[in-house]
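Provided herewith is a single structure, encoded as structure tokens, for subsequent inquiry.
Chains here go by letter, A, B, C and D, matching the order in which they are written, and residues are numbered from 1 within each.
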Amino acid sequence: MALKEVGPMEPIRTHMQIPREELIAPGHSACQGCGHFIIVRHLLKAAGPNTIVVNPTGCLEVVTTVFPYSSWKVPWIHVAFENGGSVASGVEAAIKSLQKKGILPKDERINVVVFAGDGGTVDIGFQSLSGMFERRHKVVYVLLDNEAYMNTGIQRSGSTPYGAWTTTTPVGKRWKGEWRVRKDMMQIAVAHHVPYAATINPAYPVDMYNKMVKALKAEGPAFLHAYSPCPTGWRFDPSLTVEVARMAVLTGYWVLYEYDHGNYKVTVPVLKRKPVREFVKMQGRFRHMTEEQIKKLQEIIDEQVEHINKLVGKTVIGPVVEEQKK
Amino acid sequence: MITMVKMVRKALTTNYAVAHAAKDSDVDVIAAYPITPSTPAAEKLAEYVANGELDAEYVHVESEHSAASALVGASAVGARAFTVTASQGLIYMSEVLYIASGLRLPIVLGVASRALSAPLSIWGDMHDIAPLRDAGLIIYFVSSAQEAYDSVIQAFKVAEDPRVHLPAIVDYDGFIMSHVTEPVDVIDREDVLKYIPKKVTWNTLNPKQPISIGTVGDPDYYYEFKYQQQVAMENAVKVAEEADKEFEKMFGRGYGLIEEYRMDDAEVAMIAYGAHAGTARVAVDKAREEGIKVGLIKLRLWRPFPTEHLMKALENVSVVGVLDRAMALGAPRQGPVVKDVISMYASDPSKAPKVASYALAIGQRDVKIEDLVAVAKQLDEFAKGKEIPNKTICIGLRE
Amino acid sequence: MSLVEIRWHGRGGQGAVTASEITAIAAIDQGKYAQAFPSFGVERRGAPVEAFTRIDDKPIYIRTKVYEPDIIVVLDPTLLGPEIARGLKENGLAVVNTDKSPEEVKKLLGRDDIKVAIVDATKIALETLKRPIVNTAILGAFVKASGLVDLDHVLKAVKSKVPPRTVEANLEAVRRAYEEVVIA
Amino acid sequence: MTLPGWKELPEGAVVREPGNTVTISTGEWRVFKPVIIDEKCTRCRLCWIYCPDGTIIEVDDPNAPLGKRYEVDYEHCKGCGICWKECPVNAIEWVPEER
């Protein structure tokens, strides 16, 4: 017998249990195939209607809330670009204070969720996020990572991967796309002693949903690093969003793991990794890459995989296995 | 009529008076970051929360920008939200303060005004508050710890009024007020809350009635929302006056939006604000002893600017000297307030007195009574026909 | 009573600022108007510091520094010199922590047109508090010599400002200096 | 159409009608449209899961296999094609729009 849909904040075993109710409406102006909305739709389903969303400036904000319209069926606030962490801190502090004083119902749980982009998180919003983590505000902070400033037209961020073309890391005589290694936000979150941190990916909805439930139930700040393919900025056909997201996992480019109260766990093991070339060749932003650059990127990924395997204490993400040519 | 309200006289610095007022206003959320010279107020608030005198959440933010941001978040949930800051901290907050005004959230701030770097100066002047004049904030200048205490309470009243819904700042001089201990009659919290009952009338984030706050205003809409803020500012003049009158009725102390001293028969006048309004008052008495018919207008509400009140007070004055404490570099006159005074008469310059612009107390250069007596004498000379320099006159500046 | 201005001289850590505040608190408690403030800036332990008190029966509006004090109070004997007495009004009062004679103090200050009140506050502090924090001791001398504020109000203000476990010792220091001060 | 004046607009540019973008049509964005072949559909729900815009509608239908079927909200579907790509049984056809 099929499992029934669950209520908010309950874990699921299959995607058939994801609640039907939509808390974000269509009609917004996100690009075709935007990865953000697969993620946001499901995380809101997991959180339920008793949720306040804080949304620093970015694609998600501008495409959903051009006055007099809003796609959000939950209370939502945008203040500025660099202060998602601090605005959420204030929202959470106010809920706490007003509940204590009996102005808000004491027994009613109100979730506070931040949806922020990579620019608003790893760059300009970094300090405010760090403060929020360190002060132990009960907030779920979701980083919707599309690996560049897409809202302003594809400029590089501290999350842009090695090799990627952006408008500020163009391919020219001297520059050949981004040449540095991106920030490791998971480790930065863990260094703040957050109780729960995890990577998520829209191609893996059950894993994503359950991590949201865990994040919401954590007794302090929780961090979800969401991989969010951007057809516009990464230069691929919008129909491939989920495929690109999946390939990121299958190549070990995006390892799905969690840090749960001190314990690391890879939640989607990949025993035979595909070469990162498979991921690279799907996207126009990597088109210029030389064999040498691809090799360098593969090394970066190998190192990252090795690091995560070390964290979990066993080889859960396996070696690269080239497919046999037919 | 003064009702039977319980008051206790305490010896407080203005920093402590401001913190005390926030406590008596039963603020729900404080987010504060230390910066000289407002730090003792942030410490005192922490002490109140630590020992249970104030039931509030104290957010130990990692910057002033985050302090303002957290207050916006808190206010948007319906909390009474408060902070203190100064100088670089206020400027760092300014981005968010513009937004708080645009979102129409009634947060209140105490600002211990201090110079801006460079060179680094921890000392008092009003370079920090000056650029905030266009941000859509209600700004009070106060001249004593008592007035600071009373004005914080009044600021909540005005900011939270449905005709206004704007953030408010109570600005007091760094050090020469923030660190000076003086008598303050504090009011029982119960009575304060009769004056400012906790009633949320602004837009809030509530899962039962979800709304979206902080939307994009495209060219079809932005202008109208900015104009709404201007209307709220215009309303705030009246609301601030009402709030002051009601305060006086309940607690026996009122200040008006401007305070006139010996203006009845004054031929020339000084406009001063903040701590120096006190010194100017002493100087007016001395100058009067020497036969100079000078009066003083203490500007209390800077934003919104009490244009009508001020024009009326200046009706019979031939020369007015504006004592400003910040330098608007490169402007026709350096003072922030003098520019407002001049522009009051834009539609009919024939009504205007002659205006002399003075800069003083920059970077807390001390201003003596004699300095201001000299200003009074100079204004008298201007009234008698001496030409007023076509630029700001710098008091106490070494050549 | 008209405006009285007091300037306090000490070294960082000796409690000159606190003494200026206690005086204002006591005056306010007594129904007078008062201001107390430090010399505004960065305070460092050991460095010479100044603090100020103004007392009046009427509200005080003036916000300048104190240039011509009616009274100076010197917490540290090593600070004695003509510079300390700058601006002190004729017939003004200098309250000094010292083991020297009034004549020697006048000579060190370079002024013979003033009154001095001397007390060995360091000795009193060492005997009562067991530490050379002289501000409460010098307060006792100041109260007696100036007659500006009542001892009772000063004792009350001291209680509110010193650490709870040192209250008794501090009150004792005030009282002893009040008794031992020599005015000349 | 005349837009409201400042007096008629809500304070602080808040939007009080949650989810009112639903009144905006984004269906014209499409060049191709997904067409669900109900007979082929196994009710696996993946198109509903992966649609970014929530424009695959799950409809209860007692007469349908497993009691439900899937429809496309053509008013809002932008035609990204993810459902078509992700359908494991090729039950979604990708058909050029004709306007």
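Quick notes on this one:
FYI, contacts are C-beta pairs under 8 Å (C-beta built on N, C-alpha and C of every residue); 3 or more make two chains touch, one makes a residue touch a chain.
In UniProt terms, the chains line up like this: A, B = 2-oxoacid oxidoreductase (ferredoxin); C = pyruvate synthase; D = Ferredoxin.
The model shown is predicted, which means the values in this text are computed figures rather than measured ones.
Considering the contact criterion stated above, the chains in touch with chain A and with chain B alike are D.
The largest tally of C-beta contacts between two chains is found for A-B. Chain centres here are Cα averages; for chain B and chain C (pyruvate synthase) they lie 34 Å apart. Rounded to whole angstrom, the centroid-to-centroid distance between chain A and chain D (Ferredoxin), based on C-alpha atoms, equals 23 Å.
Per-chain Cα centroids separate chain A from chain C (pyruvate synthase) by 64 Å.
Chain B and chain D (Ferredoxin), compared by their mean Cα positions, are separated by 53 Å. Shared interface positions of chain A, defined as residues touching 2 or more other chains, are 65, 67-70, 72-74.
Chain contacts: chain D (Ferredoxin) has residues 13, 15, 18 touching two or more partner chains.
Within chain B, residues 103, 210-215, 217, 221 each touch two or more of the remaining chains. Contacting chain pairs (ordered by label): A-B, A-D, B-C, B-D.
Within the complex formed with chain D (Ferredoxin), the chain A residues making contact are 2, 15-16, 18, 20, 22, 24-30, 32-38, 41-42, 64-65, 67-74, 202, 205, 231, 237-243. Chain D (Ferredoxin) meets chain A in the complex at residues 13, 15, 17-26, 29, 45-46, 49-55, 58, 66, 73, 76, 78-82, 84-86. Chain B meets chain A in the complex at residues 28-29, 31, 55-57, 59-63, 65-67, 69-79, 81, 95-96, 99, 103, 198, 205-207, 210-218, 221. For chain B in complex with chain D (Ferredoxin), the residues that touch the partner chain are 102-105, 165, 202-203, 210-215, 217, 220-221, 224-225, 227-228, 231. The touching residues of chain B, counted against chain C (pyruvate synthase) in their complex, run 9-11, 37, 122-124, 173, 175-177, 179-183, 275-276, 278-279, 281-282, 364, 366-369.
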